[in-house]
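Per-chain residue numbering starts at 1, and chain names A, B, C and D are given in the order in which the chains are listed.
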């Protein structure tokens, strides 16, 4: 497995840079006979698309997805699906002046250290623009999971904290998530975030966020313990998203401060089925899904590109002050919501297929 | 790549159950000509060994490692090294009475859901006993890294929080870590933890912990961005450890609440080298190491096995009260310290080899 | 690793169907700072291009390669290179009439059995058209190997048998390979093959071929024994090419009839270097290259599409007579020559990188 | 995936050297609830065991397999199964005198070139002794396939040529294979081979062989085309066996000399099922099984260790004459028969699982 690939059976290989000709991916291992057209994938991309409101970058990208292979007469054939998204709004002049400086908080320095060469246009390969291809790949995973698992299945991510402002969990209502510019399930919090973000945006600053991802209708049994655990693969998937610096499953870091009686989820039979009293485990025990909702939270650092001049160095070894002009998200955490959903969908479909391969051929009599 | 394997070029395949004949692993991709004997690996295992003080499980396991292959006259030959650790203190009677009950917080329920069969003796494959083989594999990685990177290199994990008790970072002194039963770098905190843990232990309860892992002397350039990022692989490695429910890199979740100017690490030249003003990034930018210390923190949930009766169900679908007798760690977080170090070492050596493969053959003139 | 991928560190993921919008691949793990432009890759594709003479299919495809990502200012950046080849001459009407019949010798039947759906246009994914992307990926491997290994390195494939007509090894001259339409190193044989192939072509029939591939200047030490052996990976690479039904290394099947004294290659020192008396091993011992030329031979079956009506069945379970019109190669073995070279180059670069990763970091004392 | 591993979902990681403490493997991805004990695996090993008659090496090895993990109460649990075979008859003194010489035809030279160090005892890791672990792993695959596919399933390998002596296909009778020391399906040929092999053995020489492997009862649809083709993976699996220098599928090299009408297998309906008129394709079309028997042939070179002195060099760069005493097989091809069956079983189970994963979750309505 080379390095720009994600997944074991269902997976994708991603390519493309921020200001190259196109970005895209090859989605492999797709179940055949699945109804998938560009029109099915586009809505997923539209949720992540820049320029939709004043709280996200004003870069203008249509983010139109094109299917180059792997479907026939509107159905998947089981062969690889190449998804292409052309870069239309490249405006490379924006970036010209910092071609040889290292923007603090960005990967400019480390890419050059690693490869000895870098595409400095808009961050090149390290740009969050690449996350569009994850969303496109995740769309196929999500469509497949819906077909396989039915209506109970659904993945829902939302922003639960922006900067220092958290939602009130009591107000959380899933149907609100798409009713505000923040993918926030607490309508009241979303309202208050508007002025908060406006301030940050006007100050040329930025802030971080915390996103919660919930997978409903996930059957028990997914996860390949040691070392393909469901939580380990979710952690890798989430941490691979640009600007993510932390991942928790279920109760996460807060569990460290509890005692064993508080932290464990008790079980009781109810209507012939096992019911858990709580979900501190985030739906995963020993690396395997329990049938409860799979829950994770991720921490997104503040956008590194801000208007304030920052101390840095250039390729020639001079001290410089870097000023990032460009068009940037005051909080990259917002547009990371559909990306987190996509990564979760990819992990779950891949795990479902691996689980089915090992346990679905031989009946346990 | 099958599922009980970890790593791409340097890696290991693990096997064994808590109360089977033995646990072990096959370490593959080891650089040849490395001086490694059982005596070199044993000290790593001894740090994780149960029964060393009253704050960890009193199970008596010698955890003696035996090398079955892959070395010749005290040196690695580049062929796979099988490391075997026999289980000596199995006492399977301890577990007999809960053979058909699901212990809350454990993987009993999910293993049965997944496989339709389970080895109920001491948690079988899901037991934290398996982490001994990670420590053994990690020992080889650590020895290799020392040979390659020299004296600047070192991985140091320590407990920074037990239950609600945090260390005072100002007191942190790396040389203290092995001077107390808690792998704690703050001698004063360690002292106070004794009575705290004694209370928990005597109450038959348990508590969680937070561990910090620091990798020093790691060269810039490690990490295979999209999707073999250094932070993504550290996240997976850490989350794969039993009882871990969260992973952060550098500033982690706390970064979400900062603004961009606070969160980014500025750079300046100093003595001809790049120096960072801070390390919120945890030594990783864009998935690639920057040359700063690589830092991560992990959250460990409280030991699920406690003396308090817990509500649960059994395999037949009856409600039961589960009482775990056995011999358990009041805080599994403590013995996870050498395990976290081992996983970090495995990730770093694997990444170093992959980096060298791609960039070490063709000079950039 | 998903299934439409080839390679471990250096590799590619392929996509596309015969009559879809495009075929292409994403080449991953490419060493950075390598000078590669479309103009460097195109000549490799031109050698495989259809329609160049009367002995190959008259389908008209420009096979123009486009680089979508992974290079910057004419150099590789170490990030994935997407290579796109648009399908221009699709003429899908040629295939319409056999949309629901299974062409004998083709994959029509097995694709439908496997996936329950198939793209019947020109064989869809199973078409040899896909081999163009291997040639494009192999071009990058070849360019990288030349940069790393220098002038001694070179991969040369040639047709050594067409139907029942073999070359005379005594006449073999490598410089002749590109001087005739058959990639044949024996000018005299090539001349005689013209009338032979003309007969077959006019009869609407087809024939098979044997190709020999030689890799010169390959250093000793490549190959990851058990199970990433150099010969095992060459075998897989070659057998994955359309219509290939056999692979031999060095002496191959003929060695079975020899005795041990004849078959082993003896060694002697010459000018301070080890010299072998012969190369029955094909440059590979124990799965590792010996420094001798790496040699392999592959058997190509006759083109399955012939004008003679063939007995078959259709999707509805009726007996039918299949007549393949279309435009086909009388001997697909000819255009397989650049494909075999490409696959060899990909295997060698990948193995070189893996070898370097394991043995290049730690000096042997 | 590290290099001493075989397989994607079902697979094994092998370890051990000819004269180390033990050889063994960790078998991963095994379907749970499969009845497997040491007594089930041992008969497979007994067929490959040395010392059983005068035509194979007289080394005395019990080759007793021990299961260290992964089963519980006689059934697989879905967790990794470690299979251990201790080396008992090591007699390292036999090999002492050639510790620093390179035996022609062996991997002594290439291992030293690669690793800079080698275990010279009996060929170390490159010894055919390692094939015992493949047989043990293959036993589990075979047992699983029988449980899944039922009585129609069976893999049968046999020697069809020893040196220049071929069987008469007309005499072939599968039930004869285990009735003679050569795994030969032609009883008459087997009889004549006795004196032939006796001569070779007494002369201290050796000879090669060709083995045919047939898989019956393999459902259509196995194979992950491009690049996980069934034939490509069989080719790699077979070529990875010690001393194998060639692999053919179905008609193999002979197909190259045929014309298209002869080489293609025609189809007709018979009793509502598709029947093929012949099986030149070896049961594989486009990399996917067709439901016909899967057939392959492999070429084994003559045993390299012979009594005749051979020209070689030593580690110090001196010309030497190597005389191999030891106890060797006059024809290693014989004992390769159970090994070839094992590798075929491993490939088929792995492919079956991958096929089921992709196509078994979503019904094609």
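Keep in mind that, in the parts below, contacts are C-beta pairs under 8 Å (C-beta built on N, C-alpha and C of every residue); 3 or more make two chains touch, one makes a residue touch a chain.
All of these numbers come straight from a predicted model, not from anything done at the bench.
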Remotest chain, chain D as reference, centres from CA atoms: A
Between the pairs B-D and B-C, the one where more C-beta pairs touch: B-D
Chain centre separation (chain B, chain D; CA means) in Å: 38
Chain A and chain B: spacing of chain centres that average the CA atoms, whole Å: 26
Computed distance of Cα centres, chain C from chain B, in Å: 45
Residues within chain D bordering two or more other chains: 1, 3-5, 8-9, 14, 29, 32-33, 78-80, 114-117, 125, 225-226, 354, 359, 364
In the complex, chain B residues that touch chain D: 1-5, 7-11, 13-17, 20-26, 28-29, 32-33, 66, 68-70, 72, 75-82, 84, 114-119, 124-125
Chain B contact footprint on chain C (complex, rising order): 1, 8-9, 29-34, 78-80, 144, 147-148, 225-226, 352-354, 356-365
Contacting residues of chain D [partner chain C, same complex]: 1, 3-6, 8, 14, 102, 104-107, 109-111, 113-117, 125-126, 130, 161, 163-164, 200, 205-210, 220-229, 231-240, 242, 245-269, 272, 274, 277, 280-282, 284-291, 299-306, 308, 310-313, 317-319, 333, 354-355, 359, 364
